[in-house]
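So, here come the structures, one by one.
Two complexes are shown next, each including chain A; its partner changes from chain B in the first to chain C in the second.
Right, the complex of A and B next:
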């Protein structure tokens, strides 16, 4: 028994979705702070992991706000002169003072200002405890970037001092770069990282004087892995969740068939992570904020397609992901043989083989699904299963099954393919993982 | 072992009775769906006619044993090839369960398909004979399948997985050639560490036509390149993998599984460490699985001077990335992740290198052009993470094989 998506159901399901995810209108865009002048403060906080863990955080805060993991995503415009004042409000245990802190801006020509120069460090200018430093740079290249501490970075980045920068091109917010081939309908950030809680515990109990930290840093063994500062399944929860006060960002991508989705993938920790996005290939168009172009203006002509993005520490990757279900050999919207509620048309007015509205692949229209699915008694079900193989359809499921997919979408796991990283300190599933939900045209995406 | 087997039979009887009580519209139990195949063997025999561009396969999911290169017996979860056993006979279910019990192979049975095929893949969950306390469902994830439908993607969280004693048939229309891989996606960190991994590739529709590239005629190609630049004479699947024997031992002993401390100590190519990689024959079956061959895939690469050898390299390691290098013959990298390395406007992005670094879930297509004067020589394909050239505590083994030139 299947039930075709109808308006009443859509409405009620939208309410269910709103209750489940308490969707905010900001989700389709990348959460962050905009402007040209930023004030960040380094403070302590807590990273909560779904296994019940609570890990000491050193995080960048947006001014008077709480420490964040990752730090605030700075969203700026190409050509702007960006000024960032960093206050060192860090407190530590033990007899030794809090360390200096700083920010590196790979890919930018950042300099400390003459009016608030801080103190010289090895890699950059630093803010002493209770003091500050101000950096400026001109955001002269659009793209995706990382920022992180340049003071004892092996320790301070592990402790949480890193974040993302997005420079929007002069072409407008719907483009990744100044070329039409970089246009997108939606964008999502995937800032990947990991933590070794032993290091955080040593710092929490003994502060910078701890003699345990050095050996751990020399041979780190992370046991929790993050997307945008959260472990699955917290990745899928709403942004700005009160019970995760220092982890404001989520990772819950959604899209419609036929849309172009920009993935901004950043290696924010020290390890490599093979980021496998189920559903389809993506096309890698840029690395480290530079379009893969053979010459200026050529567009991403050196781009290529992958099903796993090799995320490298300190590197950023921009990739375009699309999905229509083209060529599956069966009608993903069902056929009249599946029931009268599945009668639908495929109208290809512009001759691109796709329905002009739903993006259904018309050559597969009305082709039945070629196999019979087993009876429910023979199956185990996932929480994101709609109960039906057809897009936009809800089928009957045993009590307690499904329920996380009220639009009858297709769900795809996006995750580290170092599958060990799908755990939260010995507990599977979790870690560096989220789900993409593809919902039919007409279903709203927050 | 008997316990598990009888438990499975009980499961069949149970689901069968529920079926006859009228609770379902679909046959429960072993069910092979394959067009033109009447006896449920996933093959076409006698009067059965294979429809054009149709392939079928029947995999069993269960457990078994393999042997590491230092002699260590390793408990595994894995897939077995049940293709050819007729399910639709009075004894069919029993024969399939018998054949699939402790029959897990590592790596999983090689799947070779052709572009344009319609592929009907039946998965029967045999159950874990050595772990009768487990009731794990299983799936097949066709890793990298473009434009995938969620229902056939094998992710248990996103759709369905098959319970013990029953079958699920996946359908894939193969529109894109390339090197993919497959694995079970249920409790992936466990089931994949335990060995439910295999190679899968799709041959290009361009095969059979002739292109001259670099002065040589080719009729086999990794991709539909239009110019012969991905042409090859011989192809070898190379799957990178590794095991943490402590995890496997804990699983067999019904102990809590050490996810956090998972640390692989056996590095392998196609399920074997060197020197077993160059054994051209199946490894002798362990007595513990009843004499079933569980490591049939050799990784000995043999070629003649002047030949072009396509290595279809994939990594399904669950703990780390791996670097593979060749000694003496450069790698010509022509594909990654089942896509030809070519830009959107046709620029070739091929490159030559001596090493590639492959993360879990990545694949690379690499061509080795064997030099004309190489007759009688032996070259090596090995990891440059030199500490993985070991079989646990046994030195000089692990992730290495030989390329022997006739």
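Right, the complex of A and C next:
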């Protein structure tokens, strides 16, 4: 079975959009650091969880910056020679010295440099406490990758030593890979992980020689789960939040109807996290940084749709997500019966069933919402309720309600389908969860 | 690019001819015994009581001591595999190979409540101190990689160690192949196997080919073929947990799952390997070196100490003149290089 995207259609829509709304085709870029030379340092920090927890972190820092969970997202370009110097600035409790640290780059052919070789480890070259090691690799394939500690990984990855790598293709920043069917309008990172705080507490109290940590490491029992190093609802807050000094990245995906959103999903921990995205299916185009292609150059012709992305520890998945409201069976922009302000047209000039600018699904145009809308007195409110079921509409709300959804967007929960992972230390909701916000055309997306 | 595991290709044909010469027919008949042995952890922990399959010593006396997964059985595509099993254990055992077809005759017992319940997937060898031997056969073998394991009380007997690998044929692109069998040991379930209860399964030792890496030491070595030669990696999971074998080196080409070829190969540096699963992958090392192969589910601990567990060194030997290449010889189900 071969499935191809209608690229011509997508490009023409994008051009029309750009002309009408002056929308930059590339927004919401993934936070990270760019370049070819990076200096990372392993330091301690604190991971704060929304249940009030504070967990000892061993994190990769960007040079003199604070430890990060996850480590800095390294954004590089295809073909570049990447040099990464790792400093070991880790401090630990107890009488024993801090451990060596290192980095593995799965999918890359990394080598330690001859001028800063570190010391030999079992999986890769390592930096001794106070020392350093420099790795180089050629980013010869575009795609989504990760990096993590190669020194006692069962402990050090759990402690927080992992991060994402994005290799941008020579085709340009609007493509995931060197094929037109991998074009996207927006991209978001979903680096999924978990922690067993017992391990971190044992290390915090006694250092790496803790005798308590062994049984936990042999059979971990995580109780907090993360997207990009944060638990819900902190995932939705802004990046670089001062109260989360070691968790700079958020996970707050937003999109306009009709856009192609690239999801870069990475299994950063040790457990599988089936990543379920409400709203629509997505199309898997690559795994481990390689297109699902029947032959070289064929593009993602073996791509396939899923509603739960199988995220495997240490593996990466690239998927394209699109949403238009097609198939809902009612007009997401309201009908004249809902009030004169909802009168609108659905102009399908190119015959693709969608309005040429709003991407409204025209076969559902003016179809009423199939429920009797409740009175406000019959509702309980959340901060994301706009007061209206219609996209881009703000309805009346009691004083003090709403406020988090100024564009009248639709919210879809994106979360681990291992439902227990929607908790923060047994408190629901939380954990490996965020919300996709779909806002109408013209609404700005940060 | 379609790929098949058939041994009817150019090199497979040669292999088939060789196998015919060596085994005098496309059948492999071996004698195994189910025995009690011990496995000694690399960290100096107490020896653990295991059950395992070994080459049949002819009786239940003079058994070897240390446990390993059962010997690798090398079947021939479209040939026959027959295993004659002696039982030196304290309870009946049997043999099944998930994925290979044969007639099964489930064995039942009547429980205290008067209910008829299944005890074994197929006919058993009684626990009579090795007096009786029973033969299990599989015909028209399908190319691929399979687990053979006990079909009796498998929730207990398989974790006790009654498992091994079956290989049938070899991909035509591969010059050699290697078995990478993942499993686990929870010592708490091995003290008195008759009373073992798998509901609290918490393994302490994580093994590849029966070996757990010792933290701080060089990992166990697995022969990784020769530089510039394609190697067929046969991943099997005989444990109860999911593992993610990951190679620190060139990508693998995943070609088959459970002995069924993928319609298109997949390029990955890692393999999702749930319990009972087999995956075949082709791997072409481009340098003479040792490549780390480990479980990215981070079962890289040895009794809780990080840095060990499921970690081996895949050693790639130097490029070698093909004319001096000696194919493996089948000897009682074991490959002797």
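Definition applied: the second predicted complex is superposed on the first by the 406 of 446 C-alpha atoms of A that agree within 3 Å, B and C clash if a C-alpha of one lies under 4 Å from a C-alpha of the other, contacts with A are read in each partner's own complex, and residues count from 1 in each chain.
Just so it is clear, a residue touches a chain if its C-beta (ideal position, glycine included) is under 8 Å from a C-beta of that chain, and two chains touch if they have at least 3 such contacts.
Source: prediction; values computed, not measured.
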Answer with clash or fit: chain B and chain C placed together on chain A by superposition.
fit
Which of the two partners, first being chain B and second being chain C, lies in contact with A:272: first, second, both, or neither?
both
Contacts of A:213 with chain B and chain C, given as first, second, both or neither
second
Residue contacts on chain A - larger count, chain B or chain C
B
Give one of first, second, both or neither to describe whether A:302 is in contact with chain B, with chain C, with both, or with none.
both
Partner chain in contact with A:174 - chain B first, chain C second, else both or neither
neither
Would you sort A:294 into first (chain B), second (chain C), both or neither based on which partner it touches?
both
Let me test your reading of the model: by the given contact rule, A:281 touches which partner, first (chain B), second (chain C), both or neither?
first
Pick one for A:380: touches chain B only (first), chain C only (second), both, or neither.
first
Which holds for A:411: it touches chain B only (first), chain C only (second), both, or neither?
first
If we overlay the two complexes on their shared chain A, which of chain B and chain C does A:65 touch? Say first, second, both or neither.
neither
Give, as a whole number of angstrom, the minimum Cα separation of chain B and chain C in the superposed three-chain arrangement.
5
On chain A, the footprints of chain B and chain C overlap at residues 272, 294, 302, 310
Quick one: in the complex, what on chain B touches chain A?
15, 18-19, 23-28, 31, 33, 118, 120, 137, 143-144, 146-151, 153, 155-163, 166-171, 173, 175, 185, 187-190, 192-193, 258-260, 262, 317-321, 336-339, 341-345, 347, 349, 357, 359-362
Help me check something: in the complex, which residues belonging to chain A touch chain C?
104, 106-107, 109, 122-124, 150-158, 213-219, 270-272, 287-288, 290, 292, 294-295, 302, 310, 312-315
Which residues, counting only chain C, touch chain A once they are in their complex?
1, 202-204, 215, 218-219, 242, 244, 246, 248-251, 264, 266-270, 272, 292, 294, 296-301, 303-307, 309, 311
Under the touch definition given earlier, write down the residues of chain A that touch chain B in their complex.
181, 223, 272-274, 276, 278-281, 283, 294, 300-308, 310, 323-330, 332, 369-385, 389, 410-413, 416-420, 422-423, 425-429, 435
